[in-house]
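Below is one structure, written out as structure tokens; the observations come after it.
Chain IDs A, B, C and D follow the sequence of writing; residue 1 opens each chain.
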Amino acid sequence: MDTLKLSPPSSPARTGVWVGIATITLSFAAYTSAMVVRQGSGADWQHVALPRILYFNTLLLLASSATLEAGRRRLEVDWALEALEGRAGAFSGPGVAWLSATMALGLLFIAGQVIAWRGLAARGLFLATNPASDFFYVFTALHGLHLLGGVTALGYVLARLRAASAGPPRAALGAASLYWHFMDVLWLYLLLVLATRL
Amino acid sequence: MPDTPAPPAVGLRETVEKIRVLKHVPPTGFLRTHVFSLDHKVIGKQYLDLALVAVLTGMVLSWLMRFHLAYPDVAIPGLGRLAPTRAAGGVMTPELYLSLMTMHGTIMVFFVLTTAPFAGFGNFVLPIQVGAEDMAFPRFNMMSFWVTLVAFLVLLAAFFVPDGPPLSGWTAYAPLSAIGKDAGPGQGGGQTLWALSIAIFCVGQLLGALNFIATTLDLRARGMTFMRMPYSTWAWFITAVIGLIAFSVLLPACILLILDRVAGTSFFIPAGLVVSDRLQPHSGGSPLLWQHLFWFFGHPEVYIAILPGFGIISHILPVFARKPLLGPKVAVACMAAIAFLSYTVWGHHMFLSGMNPLSATLFSVPTLIITIPATIMVLLWIGTVYGGRLRLTTACLFCLGFISVFVSGGISGFFLAQPSIDTYLHGTYFVVGHFHFVMGVAAMFGIFAGTYFWFPKMYGRMMNETLGKIHFTLTLIGVYATFMPMHYLGLAGNVRRYSAFTDDYMKGSLPLHRFITAAALFTGAVQLIFLVNLVWSRLRGAKAPDNPWQATSLEWSVPSPPPFDNFGGKHPVVAHGPDEYGRTGPEGDFVMQAAPTAGGTA
Amino acid sequence: MCTKHVASIALLVLATSTIAAGPAPAPRAGGINGTVTFTGTPPKMLKIDMAKEPSCEKQHPTPVMTESVVTGPGSTLANVVVYVSAGDQPGPAPTETVRYDQKGCEYLPHVAVMHVGQPLEIYNDDQTSHNIHPLAKANPEWNKSQPAGSPPIKASYDKPEFIAVKCNVHPWMHGYFAVLGTAHFATTDGNGKFTIPDLPPGKYTLIAWHERFGTQTQEVTVGGSEAKADFVFKALPY
Amino acid sequence: MGKLFAVIVAVITAVSAGVFIARVWWLPPDISVLGAGIDHQLGETMIASGVLFVLSQLVLAVFVWQYADAGDGRAVKIFPGGATPMVVLATVLVGIEILVLTLVGTRVWAGIFLSPPDPNALHIDVQAEQFAYYFRYPGADGKFGVPHPELIDDGNGNFFGLDPANDTTARDDIVAASLVVPVNRPVLLTLHAKDVGHAFYVPELRVQQDFVPGLVIPLQFTATEVVKKEIVCTQLCGLGHFNMRAYLEVKPPDQFAQWLTEQAAQ
């Protein structure tokens, strides 16, 4: 079997993220089915018009995935060069900048979500106002929490880069970016659900 | 899963391992060594100690309940002082009884039957059995334990809120659990704490399951192919997968329940409910939604409790029968099949919940089918006993006891799996007897077997076999005397979750209830023998050799107790299957998995 | 002075606690007495079916009726709490305990009147288990069950409030705690008569409260002699 | 130790099975039309699983007795044929049992829950609340009044929240605390809960059904004997759960009619 191809995939970090992805998918599946059941069980379902800003937030999040990939590519190249020239990794260069940008975009996205909430609140739609708004807040809040987890992971990677002790944090970066992209996909799914069902 | 050699990439693997070894230096200082330890062995012991505290708590609660059932009017000394409002003068009020019942069920199911066999033994043994230095994510592993501990403390806190602990049972059916204090004493703060505790618990177990899966998939030693993994490891791995799914669903359910309680949402509360003369400000929710979400977790939870037992028995029985388990592949396949089927049967808890009667049949069939792999497992164990040279150590006896009680508990499932009979037995003591046998006693026997078996490895000392055998014999008799009569009560239509049997047709059951109470108290008292043995052996037990049982799996090839990194910096290479017994090897009638000589595999 | 209050209240409590249809205490100088009547058709009281609780059912040879509107001869109205809402001096809370009984799955009295802070004792005289659930809003709410033969439940309330009391185990059991900020009160007897004794001369605001028909207010001036205050409630069939 | 284990298991098995066989504790006599089917089903299952129980326990006991290590160092024996006979045995044995039980059982189950309501069944509306049942008969007009939760007033005996002021169909509804039914006439109950989940259980009728708040659940039975039995709650509903009951009174048709008129009178 090809060892190189296997190296990142067989790293526990990556497996862990995949398992985590499974968990998160399952729990959001549970929420979705709860939503479907809830829609059927009561006659009190009122349509909620999504705040426009959600679409802008979506763009932010997609952009963050792009910057992350750019950063990752760049770092891989740097690490390859470092390996060739046999020098320790320096905590600098565009790769780090890309990663920082990704974190910033992620935080911007969450800020945008908060603005969306305030928009709803201004329209008198709170958590308990009606089932549709229940699910809006539940979905967005939980996704936001999970995304903060991604931000933390990237922070950890940057810290590892600064330390630069136990070699390049390849596995960690791979795992973190896998998780980050999953957050994108999850959000697109949620947006679809909210846009169609709410 | 394909039977592929796990560690293919040598060069990279070495570097990866170097990094891991670098990171894996033993901690210094008491806190990092014994309290906030990243060592899976310490964490495993911590889980087991937590389970021990929990099981003692739950047992005391059950004594109080049983005493009250037998003598409803007799005051329990001191109880009046413990619960002045709920047991004025020492006589238990109905709400106190139901609270004890709720806490007993919750503590036992979550904090004993989930923590001990899975998180406890799994944490200690699994990494060694697969030849790893630790779990894949030691920090998550540590978090997993401390989060679980927090969950336990949050649950216990319910005892101290003014309103008292909740009384809605461990299943916390909505809307009783969702409405709030109008529904009765304990349904205020106590119930909220319950939901919070379970939500936290889910997080802890998810972190644990994550570790078990990643460790089994990625950290197996060289040569440790899937089919060379001991059955216990298989069971923990499969359990981790079940747990991952189950707790990923229970967590959302608990979050929604908390929102219904504190944020005024209506996920589980329909419109037009009048509780204690108050029209509830909710509308449109669905109580069945809670039942579906809960039982989608709840039935697999039964297997989370029992599958590790399957693995432990399948692992220990060959050791003491001195012959391989009958049909290794079949055993693994059965465990996998049970795991899969466990997700197709949750509806059998809801035959009478007003669900479509047709779907009842659809849930009944897989429930009955699940008995096929279970029966096969039993036959494999019995067939393994056949023709063996049975060394009847305490651990072995508990394995045999496990088979006996599992059969007894499993067979009563035949009745409850059929809607047409369940419609008579559903809410009766028949069910209580059934699940206590199959997930209570059987799982406990698995835990006992594991304890007597792995104790030497954990603490470097042997447990006292004489005490152990007395403990086993009396326990076996005790549990049968306690739980078998519950089936008779159930047949007679004796209803469960009653704090007293005032109804005319149930008064007749009182004598039998007194017998059960006596048996329960006896069985409980017998456990003191186990406690004494546990404590005494931990301090004064005979020093344990590395491999006291002449077993083959990797944990017996390392010192007792094992060093911090389990293998002293070496990396074991596995050349043999898990139960190479009954054949001539270098050290006797067995061949260690890590034995250097290349030989046939199981 | 205060002791006199105490004496009269004790008497009243005794009277109310047995829904005494008998003669009220002899009117003293400076008391207010009167009759509470109603116009219109009161709702028909229904037979209470206690089949669920045989031990209670067999205590009642004649079936018990619901007690939300208890009328007397000449369309008089019982169980009306009449009290001074303004004009009197606030006195200390009486120390006598108000006794509230659960007997034959009924509340005796149907309406227990007490002063803010006055001790209350609830007894279960039945062979079955009750739960007492006063649906308080201003005061802290509690809900306790009281198995047969267990000691009385002690309680007291700090804020004036009319508290509906219910037993979930026996849904028909309904009563009231009338927690008042005054020591000057009375409950109408079976003939709709009440007497608030022993009031110093002065101008008072009197409120009559009925659990179904609400409240009536009137100003009363107590001179040297007996003042009269009659109330008329409007009754609706449903 | 092996012999001791074997003996204990054998004794336990004998006692456990013996009590079942002797029927020391058994189902109360059945007083319903559908009960017979359920009892038969239960009997079949009892025999089938009883045999499995006794067999497996005894085989286990015998094996342990026989194969306990005597220290004679004899060689171990593999079970003849290995795992295959086990798998076949279990699959065939249990499989057949499952098939039979399901086929028979489904018919019984269908009889209770899937058969369309009998046109001349007596329709009674049942409300469960903490901690009592109330039963409503439609009265002369044969129509039930519409319940209004906001009008529910236990203190005034308006347990169903009827509105006699505006709803004429509600005025003649008869509300009783006991379930009184005529013998040998199909009864259709519509179960709904006022507050939390409850259940309707009459062991002698062999029927048990949950009340689920927000749902109205139909339940049918036909009582075949003139008796007075208890209806109890089997779904945990709060502190009074153990005390939540009502009585089922099965009367001859004429006495039932008389009772109904008496009730209507007041």
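Here, a contact is a pair of C-beta atoms (placed from the backbone, for glycine too) under 8 Å apart; a residue touches a chain by one contact, two chains touch by 3 or more.
Predicted model only: the values in this text are computed from it and were never measured.
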Selected pair, greater C-beta contact count between C-D and A-B: A-B
Identifier of the chain whose CA centre is least distant from the whole-structure CA centre: B
Whole-Å gap between the CA centroids of subunit A and subunit B: 34
Whole-Å gap separating subunit C and subunit D, where each centre is the average of the chain's CA atoms: 45
Centre distance in Å when subunit B and subunit D are each reduced to the mean of their C-alpha atoms: 30
Approximate Å spacing (C-alpha centroids) for the pair subunit A, subunit D: 50
Per-residue overlap in subunit C, given as positions that touch at least 2 other chains: 128-129, 143, 145, 164, 166, 168
Numbers and ranges of subunit D residues touching at least 2 other chains: 129-130, 154-155, 214, 238-240, 243, 245
Multi-chain contact residues (two or more partners), subunit B: 93-95, 184-185, 270-271, 276-277, 285-286, 288, 500, 502
Parts of subunit D lying in touch with subunit C, wherever the complex brings them together: 129-133, 154-157, 159, 163-165, 176-178, 238-240, 243-247, 266
In the complex, subunit C residues that touch subunit B: 128-129, 133, 135, 141-147, 149-151, 153, 164, 166, 168
Of all residues in subunit A, those that touch subunit B in their complex: 1, 3-4, 6-7, 10-12, 15-16, 19-20, 22-24, 26-27, 30-31, 34, 37-38, 40-45, 127-128, 131, 134, 138, 166-167
Subunit B residues touching subunit D - in the complex, by the definition given at the top: 93-95, 98, 167-169, 173, 175-176, 179, 183-185, 187, 269-277, 279, 285-288, 321-324, 326-327, 330, 352-354, 357-358, 360-361, 364-365, 368-369, 371-372, 375-376, 378-380, 382-392, 397, 400, 403-404, 407-408, 411-412, 414-415, 418-421, 423-424, 426-428, 469, 473, 476-477, 480, 484, 488-489, 491-493, 495-506, 512, 581-582
Interfacial residue positions of subunit B with respect to subunit C in the complex: 72-73, 85-86, 88-89, 91, 93-95, 181, 184-185, 276-278, 500, 502
